[in-house]
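The structures come next, written out as structure tokens.
Look at the two complexes coming up: chain A is in both, with chain B in one and chain C in the other.
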Partner chain A sequence: MGKQYEIPVGAQHISLLEPLHFKFTTENERIVDTAANVFYVHRGIEKACCTKFKFRQVSFVVGRVCGLCSISHTTAYSQVAEKLVKIEVPPRAKYLRMLVIELDRIHSHLLCLSHVAENSGFEALFMKTMQYREAFMELLEAVCGNRVQYDFAIVGGVARDLKPTVVLMIRERMDHFRHQLEELIDIFRNNWTLSLKNKSAGAISRDDALRLNVVGPFARAAGLAIDVRNETEDLLPWKEVGFTIVTGTSGDVYARNLVRLHEIEVSMRIIENVLDGLPESALVTETKAFPDGEAVVRIEAPRGELFYYAKGNKTQVLERLKIKAPTFSNISAMVEGFQGSEYGSAPAIIASYDPCLSCTAR
Partner chain B sequence: MKTFFKALGNLFKRPVTVKYPFEKTFIPEDYRGVIGFNESLCIWCHRCESACPPGAIVFSQDMEGKQRYYYNRAVCIFCEECIRSCPKEGALYNTHQPAQCAVKEDNINNGWNILFEEALQSRAAYAAEKKRLAAEKAASAKLQAEKAAQVSKE
Partner chain C sequence: MKKVETTVESLKRDIGNFYQPDKHHFIVMNAVDLGEKLEVQWFFSDYDPPYDITTFYTIIEPQEELPSIKEIISSAWVAEAELVDLIDIHIENTGKGFVLEEDSEMAPLRKKK
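For the complex of A and B:
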């Protein structure tokens, strides 16, 4: 047994995107123990939602929980509020919500992939992925009116309709992106330099993933077929638009990259099906009811299962709102995943977890 | 070899980045931008004020009853909730223009909070004044009615 060193990473570190602190215990380059602290950015959003804002305004507040999965949070909250006021959403609004969620998933996965490439030391691939991602940022801007804060789902439906010119723009960009995605899959699968940092780094077995309650692409890369889109049909008709689950086998960074890339393919198929079969109906169901009772909603955010609980008391302001972000479920597995990896590949492993800590700490 | 030719080809490609402050970036036609206000159409129902999530709209009222609309582009989150809640079409509209940056002179935090409080107080003061005048009027009307009743009795 060699001498052990403790190396802290974070909360401010060049390879970290978010305020996250890891303390690695290493033995000759190899990580033997890890401790994590993730709650650096507590903002008290849950409390604000239950005191300062009316229940219709909360869907805009929760959109600010996360910059990347903003639409997942707004949609999840809108669904939970719709359950409380007991209204049904028009079918067109459901399809438009799915469209924006999938566009958002593509840009979020591309961001994660680009950061894995950057943290593995492949700067050119980082630039390339970010360049391709820009097309989807512009699409989201054309659909929702803003690059980051979509504010698309509101209680009862969606805020804006889809213009025919935007539909054409989406189809054009998707056709263009298909070749770019093939190129990315080729690089992520076959590049030798990238494989040195990615293959067998940060691996987690299927049993461990099950035991540690992992969600999202992290779990699917380990071979665990967990996806909310596969399980629930009542709120958004995922099966109707051609959703299929993507899983990997090895559970390492390489498998996570490939799961994300293939999920982008699935998302593109869903978007095309939504555009082909967009039903005609109103956009919003109007109601004057106040929220009453309790409700729970699960939705598949880009990082995994997002959970919303809300309780109303027949007033404008909610009594309780609980948000459980996907990264929160993954923390214990994140710590476990480092075991046995080299310290040099730790940045790539952190990026491949795709941690979203502003979601987690709210 | 393939990589070599690709690298050579890249030498003659245009850059993908945009020189942002000098060149315009992509902004769609229906961009969610600054909210415009048409005073002649407004019916002063204050629905936009109560719907606005961050509180970027407030109405003040002077003692003659004249109302004034205040809007803070730096507090606004451009969610268009005010436009959706507006019962009069065209009174509030989206200009589709991005907001200017807030500068120190705008004093957006303290200045706006003070203004917001003062606007609410001015409306409360006007309502109280109106109530007092109405009560006075009612009292004088009652007095006159009593006098008239006395006269008719005599």
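For the complex of A and C:
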């Protein structure tokens, strides 16, 4: 056995987007053990939602759980609240929710890919990917009114309709982006140096993904075909708009990159189908009912399964709201995924996990 | 959502008999403060159609110690550690301090008496 070194990374570190801490034990540059602390930013959001806000206001609060997947939180909360007050959302609102969820997935995946590139030492690719992402930030602003934390989904439906000029803008940007996406897929798949850095790095097997209950692109890259969009048709009609699942096999950083890139292709197809088939209807179903009983909702956020549990007590304020973010499910696998990888690959591995600590700690 | 009642004594056996890693996805644990008692819940979804959600639940006294399900579901330690901090339940072999620092307000999700 060689000499072992303990190397702390974080809570503040150049390769980390958010505060998390890893303590790596290394031997001959290979990681042999990892400890993690991911709860630096607990904000008491669940508590606030059950004490300070009425249930209709909570969708605006949970929109602040995460800056990246705000629409997933507001949609999941709206859906769980709609179950408690027993209302059906108008079809147009369902389609518009899917539109924003997929626009959001594209910008979130591009952000992750850009950081994998940066942490792998590819500054120019980081810049290029962020530049392409900017088009989708502008589209989200055009659709929702905000670049981040868009309060688009509300209890009963959505807050805004889609203007014809914005539909045109989305179609133009998507046409333009199609070639850029092909270019990104080519680079991430075929660039010799990048693939050399990313292949085998941070790999987990399909069996490990099952054992550790991994979710999202992290699980799908390991060959585990799970995606909530494939499993829930009652609240949003994903298959009607052309959802198909994307999986990889090797479970490493390289596979995660490709799964995310191909998921962007699926998201683009869904967006086109949503625009082509957008039903005419009201945007909101009104109700004066108060939440009663308990309900759960799962939704596929960009990082994986987002879970909401809510319990009502026939008053304006919820009895309990529980939020389980995708990264929460992936913590165990994040720790195990480093085993055997070179310490020099750790920044790219962390970025490929696409961790969101803001969601996780809430 | 299918709810299955269990007890502190039979929890490990019930979840152990039910859970198969290639058939069930462990979602998370949750607890609800009922006032004098706590309802603790374990959520699972099926990997296969119709993708049902099964919830095991038990109602316990606040000071009662729950068995850990870490030996059945190794990733459950995160959910157990979170509940220990946020709602102050006692779970075998699970310490405090994973989510909240020592100088934080403890058990924020417990109702104020």
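Details
What we mean here is this: the second predicted complex is superposed on the first by the 362 of 362 C-alpha atoms of A that agree within 3 Å, B and C clash if a C-alpha of one lies under 4 Å from a C-alpha of the other, contacts with A are read in each partner's own complex, and residues count from 1 in each chain.
Here is the rule we use: a residue touches a chain if its C-beta (ideal position, glycine included) is under 8 Å from a C-beta of that chain, and two chains touch if they have at least 3 such contacts.
On a predicted model such as this, the values are computed, not experimentally measured, just so you know.
The wider contact with chain A, measured as residues touched, comes from C rather than the other of chain B and chain C.
Contacts of A:Lys163 after superposition on the shared chain: chain B is touched, whereas chain C is not. When the two structures are aligned on the shared chain, A:Phe53 is found in touch with chain B, with no touch to chain C.
Of the two partner chains placed by superposition, A:Val274 touches none, neither chain B nor chain C.
Legend: residue contacts after superposition of the two complexes on their common chain; A:Lys324 is shown touching chain C, with no touch to chain B. Shared-chain residue A:Leu110: touches no atom of chain B or chain C.
Once the two complexes are overlaid on the shared chain, A:Ser332 sits against chain C while remaining clear of chain B.
Shared contact residues of chain A with chain B and chain C: none.
Chain A meets chain B in the complex at residues 53, 56-57, 60-61, 131, 134, 138, 141-142, 144-146, 149, 151, 154, 159-160, 163, 166.
For chain B in complex with chain A, the touching residues are 16, 26-28, 30-32, 51-53, 77-81, 84.
Residues 37, 39, 42, 44, 46-47, 210-213, 215, 226, 231-232, 295-296, 298, 305, 307, 309, 311, 319-320, 322, 324, 328-329, 331-333, 361 of chain A are the ones that touch chain C when the two sit in their complex. Chain C makes touch with chain A in their complex at residues 1, 21-22, 25-28, 30, 32-33, 41, 43, 45, 47, 49, 51, 53, 55, 73-75, 77-79, 82, 86, 98-100, 104, 108-109.
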